[in-house]
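There are two complexes below, and they share chain A, which is joined by chain B in the first and by chain C in the second.
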Partner chain A sequence: MMQAQAFYARQPSFLQSLSQTLKLLARNKVGFAGFLGVLFFVFFALVLPIFVPIDNQTRMDKIYAPASWDHLLGTDFQGRDVFSQLVHGGREVLVIAFVTGAITTFLAVVFGSLSAVLGGWVDSFIMSLADLWLAIPQFPVLAVLASLVKLNNVILLALLLSLLSWPTLTRAIRSQVLSLRQRDYVEAARSLGLSTRHIIFNEIMPNMMSYIAISLIFAMTAAVYAQAGLAFLGLISFSDNNSWGVTIQLAWTKGAIFFRDSFLYIMAPVLAIALFQLSLVSFTRSLEEVFNPRLRTGV
Partner chain B sequence: MPDKRQPVVELVHLSRTFEQRGMLVKAVDDVTLAVNEGEVVCLVGESGCGKTTTGKMIAGLIRPSGGEIRYNGQDIWRMDAAQFRKYRMAVQLIHQDPYASLNPAHSVFRILSAPLLEHKIASNPQAARDRVRELLMMVDLTPPDDFLDKYPHQLSGGQRQRVSVARALTVVPSVIVADEAVSMVDVSIRVSLLNTLRKLKERLGVTYVFITHDLAVAKHFAWEGRVAVMYLGRMVEVAHTPQLVNHPQHPYTQALLSAIPEPDPRITRTKERVQLRSLDVPSLLNLPPGCSFHPRCPRFEAGLCDVMVPELMEVGTATRVACHVVTREAAHALRDGHTTSLPPAAP
Partner chain C sequence: MATQAISTSLAPQKRTSLKVYFWRVANNYVLRRVIKALATIFVVITVTFFIIRLMPSNPVDIFIQEQMALYNSSYQEARDRAAALFAIDLTAPVTQQYLDYMGNLLRGDLGKSYRSQGAGVADIIKQFLPWTLFSVGTALFISFTLGVALGMVMAYRRETPLDYVLSTFASLVSSIPNYLIAIIIIVTFGSQLRILNIAQMRGSISPGVQPGFTLKFIGDVLYHAALPIFVYVLTTIGSWMLAMKSSTVATLEEDYVTVARARGLKDSRIMTSYVGRNAALPLFTQLAISIGFVVGGSVLIETIFVYQGIGQQLLKAINQRDYPVMQGIFLIITVAVVFANLLADLLYGRLDPRIRVGSEETK
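Now for the complex of A and B:
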């Protein structure tokens, strides 16, 4: 026990590594701005709803009201506060984005590395399946599925989106692993009798982390667009009928585009989605730095 | 004197073919060689002659397509999984490129401690740390604490190569296959790296299979050992290093030795070179019939060399040559009782 403590004493503490990671994130200005943007949206969509009450009250006298101190972004076709809708509409977007991204990446990493490491018929099988999957036009399939299944469950939708998006990433991961497993240090690890598990997770994966993290982000952005698109087409709806995509759809169908004062109403969810995506994509720049071992020390 | 030591690794009619664009490439063809315990054997040859493939086959990383590798008398590819794992650990390969052989994502400590912890050679991280320190000192990376937390990109080529050596030593190998281990290291540190390797041999009794394209390095490193010269996948001459350097038998070995530049340009200028009939190395995809050296060989005899593949024959004490002309001359000399440059073969 004492010896273990002596060993871990040399390892940086949690706070130290946190501050080091932050320093690495800050190395790239654009990336750091993206990181702050992502943090802001997490706060906006997950924390702010606790303080901003949801506004479901119809006010006939305030339909399409312009922005004011009472209603920061004006009101919608029922006179409801747009800002409140925006605050409460982000949760689904973020959760679906993250869950879809995580499941997609997980599937891709598992299938991709199995395919590359095992080779043979496993490789052929997974790759044929991926090819087949890629040949199916995804959005129409989603649209058809959405009309068959009632897609109002966030997790169900995330699962469906990731089931449709794993093949591209799987192929990319497979080619990465194929290239990395030829490296001399992997051969050395085999020669040293290290297990396949060790080779995959300790020799190959650490060199793919930035790639995987960036792929995760891109899977997230794809999920945001997919669900916004479905919501805009009116194919999905959520329990409280509120999500940025749903807001755009309602604004569109209820004629908000014909009112000058409702410009903010229709633009707010569009901007929220666009800015969230922009933050995610810029954030990838900083991720490269975090996972680069050359930068991990000496900061 | 013939070696009375036990062979550790034996290559018996070892071959390996690769398929390339539908063509079969014989990278290694019928190589037979016994590596004795505590010995240094140098594999020498031009690039593409099959040295590295042979080395990787010895390390159990490539499966031979013909022949077998015996470890203490047992064919390694017929061992059960546990024994084979043990064999692989007993024979460690040191790669040529120190920039590719260390995982860039891990610190030196992590690289060296992984095998120690995985195989329970060190029971806990602290013991591993002590052992890693010892290993770093063994390969002359001192003080070891300066290197423990470094990442490969913070080390020079020579230092990285020493870390590779230390990594090979973690599993206490009995044979080290050094594949051009010093060729990518700057000349100024090459000798000190070679000395470190020699020191390890004396200290740990490791057997070396030293692969190099540089006969001068072979001379320096394996003066007490043997040199095996390879040409286009086949072994053409095996002899004790002093014997091979002073009395090369095979025309190819003679050509190689005469091509070594001397430090003194006056000697180099006047040095007698073996005149080859052609300077082009034939393609492995289209090997010449008979002796594969015959299109270049100065001692080529039509009707013999381009028809029959020469076998590796003993022509003197512990010298084996694959050349029709040389073996015939040796046989004649033996019959006529002439004293040649070689002592007569032991009965």
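Now for the complex of A and C:
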């Protein structure tokens, strides 16, 4: 009963903080540009494919055609439309990035806060495990795993990526929880005799939300790096439509170094990934603004 | 840990043996760190060994497939040839293979490559590792020193146009994956503008150049390593700049800096021995971590630039399922990462007096 009341009492303040968050997002110009960039890529990779048809038709007379109204970004080594490939190749990149980011952050939040709150042997166990994990050369391990298991399942790859990348984040979350635990309002809650669960979920976690969001985004960029890198080495590929990484690999092996005409073909997916990463990283600037309590007025 | 804490609380009472006690703890700490490092290496080798062996497909199958495709031979023929070529028994139980491998490893024997006839894994590593160490090491050195210097400039000139330009540059280059920057450089400056002769810059050395302490050799080595080094520097410098900037800004607010100013010390002296030294300290641990990341990333960079280092060999071994070579390269990379971390930890204790005394109590 008490909890339910507390829950309803919280609702408006949540909405308020949401609108305030949006205002704060717009305050940092670079960050807001990043935010718009992320929105653009979500639209580009998830909505545009509905309107742009898949182009798998070989046109021998139109190999490496320059950009035109028919082919916005020209054509590839088989005369297929590059723009269409770009539109359809983004979904996997975005989905893997988001799922990996979400799983990694979830693991990190669970292990990190457990470690910080419980302390003792749980803490030393989780931290030793994290230390050990960090010593494993990640990208090489991924490359080996990708070559041995057929990693053409989006969720499987995302799981694998997050299993490899949780330790750094876990440490960060742990130290964050440790520092928040020292704050006055947590001390106050504790002296009021509130339960540990209440302290973690109602006092500490809300104050970490933006930090967690930033961590999520950095986990996403790491996932994009690994996924596109593996695809570039030819170690993973997804069924029908090529993801950006696979397109880069194709363009590269079909001789992007030798054919000057294939400039657009290789640069389109390269710039797509680069700009997506850039948008994500810039977006964190706005989140930092939200995160920094000194910038939050009247909360 | 518990004994540590108890002894520390006892320490003030036993004033006479304080120095003796301190050294015992210090030695203890070093010893524990070394043991931890060795244990880490052991676990990583074990885990990677089983990951590699327990996965489907093996070098013999790959070889048989290659033979069948290449020479149109029947499965039986290819299998016979494979059996003659591979003096290994992949049917032995995995645990037996593991014990054999560890036994040989203790004797310093990394095994032989399955595919390069008779080549020892140690020889392969000896041949290719120096190139990776050279390019990655040089790049990390350049990007760390340059990044720390630029980060201090940013902190001293914060909120000025220079700071904005440098910050934007730093976040721009550190957010784009290094292999994409490598591709952009090759495609733009190599094939489009034809400023760089990509074909000539491939490899780690030009054919016919004799190794030795000659101007020609050194020049050639630098010529071939220039692009990989440039890409490593460009993609790692941003994070050093940003980390150093925030670290310096925090240090500038410390009381001892204000006191140093009040004492009328020269600005250059304050900048180097008061601010710079303390601000750069936390970055050393990051340097150790980044070594592992950059060496791991060398798989991609070396493949793109066709630079003959350990990363390229790893990819080759992966594609051929050359287990011993894969295992050996993993071992080397892991040892490099673990010892870099160990060195950073021990060095950190030496460099930072606060840690030297307090490391056992603060937690």
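Quick note on the criterion: the second predicted complex is superposed on the first by the 266 of 299 C-alpha atoms of A that agree within 3 Å, B and C clash if a C-alpha of one lies under 4 Å from a C-alpha of the other, contacts with A are read in each partner's own complex, and residues count from 1 in each chain.
Keep in mind that, in the parts below, a residue touches a chain if its C-beta (ideal position, glycine included) is under 8 Å from a C-beta of that chain, and two chains touch if they have at least 3 such contacts.
In this text the structure is predicted, and so the values were computed from the model without any measurement.
Between chain B and chain C, the partner in contact with more residues of chain A is C.
By the touch criterion defined above, A:260 reaches chain C but does not reach chain B.
Judged by the touch definition given at the top, the superposed model places A:203 against chain B, while chain C stays out of reach. Looking at the shared chain after the overlay, A:48 reaches neither chain B nor chain C. By the document's definition of touching, of the two partners only chain B reaches A:187; chain C does not.
In the superposition on chain A, A:144 contacts chain C only, with no contact to chain B.
Of the two partner chains, chain B is the only one that A:195 touches; chain C does not reach it.
In the superposition on chain A, no contact is made by A:213 with either chain B or chain C.
Residues 30, 124, 131-132, 134-141, 143-145, 147-149, 221, 224-225, 228-229, 232-233, 235, 248, 252, 256-260, 263, 266-267, 270, 273-274, 277-278, 280-282, 285 of chain A touch chain C in their complex.
Chain A contributes residues 3-4, 6-8, 183-185, 187-195, 198, 202-203, 206-207, 209, 293-294, 296-298 to its touches with chain B in the complex. Chain contact summary for the complex, chain C toward chain A: residues 1, 36, 40-41, 43-44, 47-48, 51-52, 55-57, 168, 171-172, 174-177, 179-180, 183-184, 186-187, 190-192, 198, 289, 292-293, 295-297, 299-300, 303, 314-315, 318-319, 321, 326, 329-330, 333-334, 337-338, 341. Interface of chain B with chain A (complex): residues 59-61, 85-86, 88-89, 91-93, 95, 97, 100-106, 114-115, 118-119, 124-127, 129, 149-151, 153-154, 164, 167-168, 170-171.
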